[in-house]
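Letters A, B, C and D name the chains as they come in the text, with residue numbers starting at 1 for each one.
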Amino acid sequence: MTTVIRELGDEQRELVLNMGPHHPSTHGVLRFVLHTDGEVMRKAVPEIGYLHRGLEKIAESTTYPGYVPYTDRVNYLEAMFANEAFSKAIESLSDIEVPERAQYLRAIAGELNRIASHNITIGCITMDLGAITPFVHLLRERETINDLIEALCGQRVTHHYVRIGGVAYDADDNWLKQVEKFLNHFEAIIEELDNLIVYNEILVKRMADVAVITADDAVGFGLVGPNLRASGVDWDLRRDMPYGIYPKLDFDVPIGAGEKGTVGDCFDRFVVRVRELKQSCRIIRQCINNIPDGDIIGNVSRKIKPPKGEVYSCVEGARGELGVYVVSDGTEKPYRVKWRSGSFSAMSIIEHISEGLMIADLVAVIATLDVIAPETDR
Amino acid sequence: MGQLAEYFNAIGRTILTCSDGLAVTFSHLFRKPITIQYPDRTAKPLTEMLPERSRGILEMDQELCTGCSLCSKQCPINCITIDVQKNAETKERILNKFVIDIGKCMFCGLCVEACKFSAIRHSKEFEGTVSDVNRLKINFVEQPAPVAKPKKGEDPVLKPVGSIIRKYLADQWAPAANKSSDTNSGGKSE
Amino acid sequence: MNALADFIINSLGLSGLSAELVMLLLVVAVAAAVFGIGMTISGLLTLAERRVAGRIQSRIGPNRVGPFGLLQWLVDGLKLIMKEDVVPHDADPHMFRMAPYLVVVGVFAAFASLPFGQLLIASDLNVGILYLLAITSLVTVGVLMSGWASNNKWSMIGGIRAAAQIVSYEIPTALSVASIILISGTLSMQGIINEQGGWPWQWYIFYNPFTFAVFFLYFTAALAEGNRIPFDLPEAESELVSGYNTEYSGMRFAGFFLAEFANIYLMSAIATTLFFGGWQIPGVTPEQQAGSLVLQITGMVVFMSKSAVGCFVVIWIRWTLPRLRIDQLMSLCYKYLIPLSFVCLGGNAIYLLIFPKPSSANTLVHMITTLFGGVLIVIFVTRVMYHHRISGVSLDLNFLARGEKGKYNPETQVRAYGSFRKKYEKKQGAK
Amino acid sequence: MTSEALIDYVKGLLGDKTKWADPEAGDNFLTVASEDWKNICQTLATDKKCSLTYLRNFTGTDYPEDDEIELTAHTFSYSEKHGLIIKTRISREAAVCDTLSKIWPAAIWYEREIFDLLGVSFNNHPDLRRILMPEDWVGHPLRKDYKQQETYRGIPTTRPA
């Protein structure tokens, strides 16, 4: 057998394993180079770039409204938030007012998208730890959300719904009723999920105390969203730097509390996401009850020429802060667009925390950090 | 003592949580599956179950197109090519070519929103498999003809959604396969 | 089988070489029959697994080949036979080729001493249960060999995991079997069944609280030996891709695959024999059963359905639970299963000292344990009903005509633009 | 701190080393010389009152007219809930800068990205390799004068007509 075993001295030998680019648990095309000693890892080095599509370069040759559909492709699980982040940047650059109904619709669509994205994440975590059924159940619920969003805006994954100045399509009362019907159904499913898998002792034991990320590390490496909150940092852009309609809404921000182990372990990252499902349902219910009549898009011309300047705008996506940095030179094409995505920083911490983990733990770490390859590579 | 208690607690927790999980999955045996048996056991073609706003493959009605090329200017990826020529004698503008490269199209709908004459729109068709990517360039102009001149205040006469593209799909995408399967099944049913 | 051979030889009046020949032919025939039965059972189990998984996950599962998809396993097998048998370039070719045989032999040879009915046993060894424990250990060698010979690091980790796991879990398995041997006083499979009765309180699982616990210990350990979730670490598709069988294709892969499913049946059948009274029919003594063909067949059906329930439970567990980590797997074995098996073994021994076999106190203990088991089942059923009530309502938002069933017409609609569409449009036009 | 208070405080802290942008031009930022870059970032990140511990975004922009590349670091403080944008400009030809990875570990990957896409190298960076593009790719795509290579290892980079 010609296995590569690196000699590192008398007592130290390590096995170099190549995990990916085509591996069932790497969530897209990405690669890890594992330096292991049997099952225990010395180091796991992520190698990304297999899904690099040059979205930032493309921006330099498209118009502002023409770039919005490209933002769908930043992350295929949360297209709504990428739309919103970019639209928000241009709105603040060129002072466009967004009508209130559009803001409510953005919140509803965004939270639906968040539920859909978390469904995939939670499902993938359980699937990577061996339980396949919860993944299929959650995918089934996501399918209904996709149907709802398709009825709203015509596409299931690449929505192109949030536009500069508002949203593209109005929602009728029937659609809102259907969303409410779905929420009634989905809240029961969350309960069922708790019984089916969340507190399953095997799952808890697999994730508790594994790969603890301290609050300092989380902030230093720039973790955002659920990953940051799981480490005990109480921060949510929707609440702390409010935008859109969120200041008017009442919701809680789940924080990792070390429920089964240490604060910031895999289980915290997992359970924070499960809790967020319920909060999203709460937000959508409030929006449906309070949504006013009115326009859905502000006064925007087809040709948008923001004044010279630059802006960094961010929204709280399903993977946390999804930011976009836009430099305008006064023409109708952006001078520079830069995406700041949650998965990118989450990926950068893996090498730091991987020492001493087992191969099976690494799978849990990748899954709970919710790393999505297209978002890291853009 | 505490350790011993924890030892048995762990056993108890494992049995309880696992058996409750088993109860959930067992209850699923009595629920209805949600599978849609696409493509061959649905009551009607899936395209007709899609919602109103569904954005499928683009289609263009030659009788409504004025050749203004607003759509191709809006397109972020330039997948629409329009060729309009002026006839020197009659001064009429002739629409020679209207090609949409569906292999490039990202179904954003900007061209549809730009069209003032309802000539270009999304159909609900989505099945576009071909063996050669270049066959995805569809020319919607069968015969070069003068462009449409809609009168003001008159509503355009719209064809049923999908009727135009379906013709191209059936003709262009799998002529051989289609014909043989048609004759086969026709022969058997008669 | 010996009885059958004697009968044939005596009735034909054969002797010497020809008698030996008949004996040999008979051995071959019985072996082939056992192998065929094993293959069919494991093939059907693959189908059962997929159908059950489908329903648990709100899907349908394979339903196209044959009625209810019943022929799916044959078609799958045919596909695998026709696939190319790839041997990786840098693999050790001989060991690579040999490994599946060891696994298949290890599992299917065990079928030889499974009592499908009172008289339906290929070879009723007087050390039957020990033979089963011993012969299945051959699987370890095959799995380790395949993992090593593939020359793939993931496979190697899988193979080593499998070796560590199977060797460790042999101990609790053997210890829990020892408890039963202690009670029955025999190692023969038929002997153990004969000691039990048809009614649930005569089964060894409800013999006393210790055997009740022993059953769960045995079941857990057997799951681990069979590499099933939650103990499927050697395969662990989300960690090791597919573990030791990553590099295998075609018929060799099918060998591993069938052996895995045959193993499920094997462990259920052993559990049926040891704990659930085997082929015993309620209210019928073994002597009565021996004399009647109808009762013989009923006994076989009883045995098969008991083990089918066992197989269902194994499949059902697979589609519910997550997987353990290797250190947890080991700590489960050495910190929980082995000590508890020893406790149960000791408990059984003391129990047998206090309550000698035929006594009314003994019967009372059986009854109480059975009642306890019944209560557990009732609690479980209420939980199932609770879950079904709370979240069992399926959601119908009427976007897609979910649940609307069309008729299957094999001639139509391979492509949506084919004749299905045209016929459909014609029909719509006629309306 | 409000953003005005923060600006005043930072002005007092850093003295004449900084240049502040015209408030009309979108977000408010400060520009520092590339020699002071690392020290000023260190100061701002560790100062108790600023405590800009979170590097929100770090990127570069190419300005061929000025013959300069602008590095922009968006920093933020979770405890104080204020943010600051720090910029520096370096020349395009000798695009070298000090690394921030000791101050904010998040910068390790951001700097790799800037190195990859804009061709800026960082002194004392622990692991400066290309991150998004292949190791043997020619050129840095986000430079304005970048021309895509026609083939990569014999594969055409554009779709043949």
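In this text, contacts are C-beta pairs under 8 Å (C-beta built on N, C-alpha and C of every residue); 3 or more make two chains touch, one makes a residue touch a chain.
Predicted, not measured: the structure shown is a model, and the values here were computed from it.
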Taking each chain's centre as the mean of its CA atoms, the one lying farthest from the centre of chain B is chain C
Nearest to the mean of all protein Cα atoms is the Cα centre of chain A
Distance in whole angstrom between the CA centres of chain C and chain D is 61
Chain centres from averaged Cα atoms put chain A and chain B apart, in whole Å, by 27
Distance in whole angstrom between the CA centres of chain B and chain C is 47
Dist(centroid_CA(chain B), centroid_CA(chain D)) in Å evaluates to 43
Two or more other chains are touched by the chain A residues 133, 140, 147, 150-151, 192, 195-197, 200, 202
Expected list for chain D, residues touching two or more other chains, is none
Multi-partner residues in chain C (2 or more other chains touched) are 56-59, 319-321, 387, 399-400
So the complete set of touching chain pairs is A-B, A-C, A-D, B-C
Within the complex, chain A is touched by chain B residues 10, 13-14, 17-18, 20-21, 23-25, 34, 50-55, 74-76, 106-110, 114, 122
Listed in rising order, chain A residues that touch chain C in their complex are 1-3, 15, 17, 23-25, 38-39, 126-133, 136-137, 140, 144, 147-148, 150-151, 178, 181-182, 185, 188-189, 191-192, 195-197, 200, 202-203, 205-206, 358-361, 363
Chain D contacts chain A in the complex at 24-27, 53-57, 59, 61-62, 72, 74, 78, 81, 85, 104-106, 108-109, 117, 130-134, 141-142
In the complex, the residues of chain A that touch chain B are 62-63, 65-70, 72, 133, 140, 143, 147, 150-155, 158, 160, 168-169, 192, 195-197, 199-202, 302
Counting only contacts in the complex, chain A reaches chain D at residues 48-49, 52, 54, 56-57, 93, 217, 219-222, 233, 235, 240-241, 308-312, 314, 321, 323, 325, 327, 335-336, 338, 340, 344-345, 347-349, 352, 377-378
